[in-house]
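Structures given as structure tokens follow.
Note that subunit A is present in both complexes that follow, paired respectively with subunit B and with subunit C.
Then we have the complex of A and B:
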């Protein structure tokens, strides 16, 4: 368990650096989490983060990767709708790294 | 990725020089108080841990006669020493199976054998101390319970059983592992390891229906919670989430569709994986499996068919009957449970499915035998069916198939490096190094036969290889399920 502080606000994190409270999340926290992961946030990165958060809001779980891929393809163009592109954005994987930056809990299981 | 020292892949699997303590610092995250509470374990190390651990050891020795036999009969012949992928990948002598067993055996001698009680260190008996606990927590979480060593042991000593018992003893004194215990708490609460709620599962299945319709033009259904379906499909929940796992789920759906078998998944029992086995805990294993029996009754199905998941096939094949049987309410014409590979194999043999092998012509395929399928179960009616049936399915769905070296497949297969509850990020270095023997054998057929597809029937292996192969500059896209190949090759539509 750990924590970080930005603009006077303290964010609790778990052993892997994921936010303990999803509701703490904001853009500043996302930037910080991205930096820790050596990910430089571009518009495309934000699209993925926003898609994840929208889906989570509705379903209380991160989307299946195939769903995310298709949604990214729709938003950013068909040439971007593939797993390879998601790994280019988030080298440690869309499920774990992108979820972390989006403030979602770490997916558990055989993933 | 940068801070892990990637082992060099040589021309053959080499036995490394001993590096004492090389992996002593590898440590899993401890389970949280919340998860330990949910599982009924003490939330943290109890004050009288020594007494409690020995009590638990006495209980397990009585309950599992095999455990006592394994602790008694090792003659230190050394046959197992170079058989563990974690030893081959790390060189840490405690990853030699005999040494891993010795971590428990030295305590067993001290407290449970007359010679150990009297002569102590002279007969390699040791006091249980806090250092023992540290060693146990580290090294019993560096065993993927793959049982390769037991194949080579002249007595058949099963290190997996010893590491399961060790984990059970540690849970009993409040030293749980986060990865497994969090998942067990989640599946018992939500019905699957990922915690996918029913509406999300339905949404996911709707997406797949649309996607398959778009790509094939055929209305392949993905039914959920349908009372009166013939088949209850129990898949590992990774099939509803991960890539490439989902492609096999699509394959199962196409097989059911084309064979005209009515089927359903259950939102209440949406998990085949059973991590109760990894922590050696019978009652949690039973609780997790229990949801499946409940749903088989509630949905009034005639058969239970299970998806591509290695350790769960061991649980299903070897333990379900004792845990949640008898299955006398199911159709006796079919095995209970039936593996999806058995089902597809029978359908292909009876001519009910047509496969166009040329659909997979871009691939030269090899097959990784997953440890629990290979060494802890069977498939079909003949001995060795667990090796032959998946291979027969691959051969039926593609033109180019080649096996890896004989000493690395079938009953001698190497673990992917992430089994047994070790598929967790804090153990990434162990996972990368433990994959060395498999990667070496794979590279051999990639170089000699241009293999570009690694087919599997295990959710853990799929996740592990997609993560670990890139460390060795091998593409993650080459990893996929056997039913992923069938999915591409199957000819949908009207029967001739």
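Then we have the complex of A and C:
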């Protein structure tokens, strides 16, 4: 368990640095989480993060990677709808880094 | 002093007392050089005494990789700070697990430098496991491994590291080049291996013949097994020699009566085989391995759906493609395309954490075969129907995306040409 403070607001995180309460999430917190992951947020990065949050709002679950790839391809153009593109943005994997920055819960399952 | 130290791990010490090799003995030996191991053992003792597992899972990836590191950290790290992180790195093994000593020495050196010095040859998937790295050492180990031409294996919902038997490198039974095919599939699908994008894990295991030394049928989603479609090669001279050495009774007891389809006979000290009824089980060839040999028209049988218990109970793989040549690059490409079609259909309609065998169980083999464009074949039947009055289930309505299974409509079953193996 940990926490960080930005502009007077305290954010609770779990042992891996994921936000405990996803309602806490805002752009500032995302920037902070990205910095911890050594990811420099560009427009392309935001596109994926926003998509993840939209998906989560609608379905209350993080998308399977295949669905994320497809959604990215549909929304942002077919040249971006592949795993390679996502790993270029988030080198340690969209499941780990993009979800964390988007304030989504830690991906579960057998790793 | 020494006694006091021993009494720290009384339950682990019990594991040293048997006549068999003991990991506790080995790890204690290693702990003289690697202090973190002593603490890991201490934690294990604590686990034994309190019946609690202290390892928690997390995600740790090398840059550009979505898997390959099994990250574990301890929930009692205040007590055992040196064993706070104890990650396992999976490394792709060479085809057939064939190494030269230089490669093994190199792995040992890297393991000594960047992990707790424990190497496992080989894990359940087939790959090499390097145990006991912490967060930083995992990265340095990965870097050094890749500089020396090794690569990280698969984990998570991805293609897993492939494994094959020694194949034609050492074994005369092998019906195709298991080593080459393993390398080819690994190279072709390396992105799917490193970056998970499937509903769940997908394992290949490749065996040169039905002896199945890679344990493919139990332990992989897609076993590829060598077989042949012409006659077993019989060398009657060697048969006579075998009978002379072992006696006729031995042949009857151990070969003739043990043939599962009773298609082999001994007539006037000569072996006669009814090849049309042979199921290629390899038993007679194994017993009389000089006198008998697999046929000349060799190829593979491709199976699908083996797995451990998850959504449904344990399953063994069953036949998908009864026979296929596997010699040229074109044959290999055909296999790659088949795999791609399976992944596309299963990836599209499979649920999260659903193995392909479970997917077939849910949607029905008919729907699945339609989806991947393979014609049904009687050899895909796992076992005959037990009740002759119930006819085959129709599969005109595909049941995908979680629709409930409809009970088969027995009245409408008289449609010609619609019967399929389900």
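Throughout what follows, the second predicted complex is superposed on the first by the 110 of 111 C-alpha atoms of A that agree within 3 Å, B and C clash if a C-alpha of one lies under 4 Å from a C-alpha of the other, contacts with A are read in each partner's own complex, and residues count from 1 in each chain.
We take it that a contact is a pair of C-beta atoms (placed from the backbone, for glycine too) under 8 Å apart; a residue touches a chain by one contact, two chains touch by 3 or more.
Keep in mind that this is a model prediction, so the values were computed, not measured.
Quick check on the superposed pair: does A:84 touch subunit B, subunit C, both, or neither? Answer first, second, both or neither.
both
Kindly classify A:16 by the partners it touches after superposition: subunit B alone (first), subunit C alone (second), both, or neither?
Both partners.
So, does A:93 touch the first partner subunit B, the second partner subunit C, both, or neither?
Both: A:93 reaches subunit B and subunit C.
Go through the superposed model and pick first if A:51 touches only subunit B, second if only subunit C, both, or neither.
It touches nothing on subunit B or subunit C.
Tell me which touches more residues of subunit A here: subunit C or subunit B.
Subunit A has more residues touched by B than by the other partner.
Which of the two partners, first being subunit B and second being subunit C, lies in contact with A:64: first, second, both, or neither?
Once the two structures are laid over each other on A, A:64 reaches both partners.
For A:107, is the partner it touches subunit B (first), subunit C (second), both, or none of the two (neither)?
The answer is both, since A:107 touches subunit B and subunit C.
Touching subunit B in one complex and subunit C in the other: list those residues of subunit A.
15-16, 64-66, 69, 83-84, 87, 91, 93, 95-96, 107, 109-111
Residues of subunit A touching subunit C in their complex?
My answer: residues 15-16, 64-66, 69, 83-84, 87, 91-93, 95-96, 106-107, 109-111.
So in the complex, the part of subunit B that touches subunit A is made up of which residues?
1, 29, 178-179, 182-183, 186, 192-197, 199-200, 203-204, 207-208, 211, 236-238, 240-243, 245-246, 273, 309, 423, 425-426, 459-460, 462-463, 467, 476-477
Contact residues on subunit A for subunit B in the complex?
Going by the criterion above, the answer is residues 15-16, 59-67, 69-70, 83-84, 87, 91, 93, 95-96, 107-111.
State the interface residues of subunit C toward subunit A in the complex, per the touch definition above.
It is residues 56-59, 61-67, 70-71, 73, 155-157, 191, 195-199, 201, 347, 352-353 of subunit C that touch subunit A.
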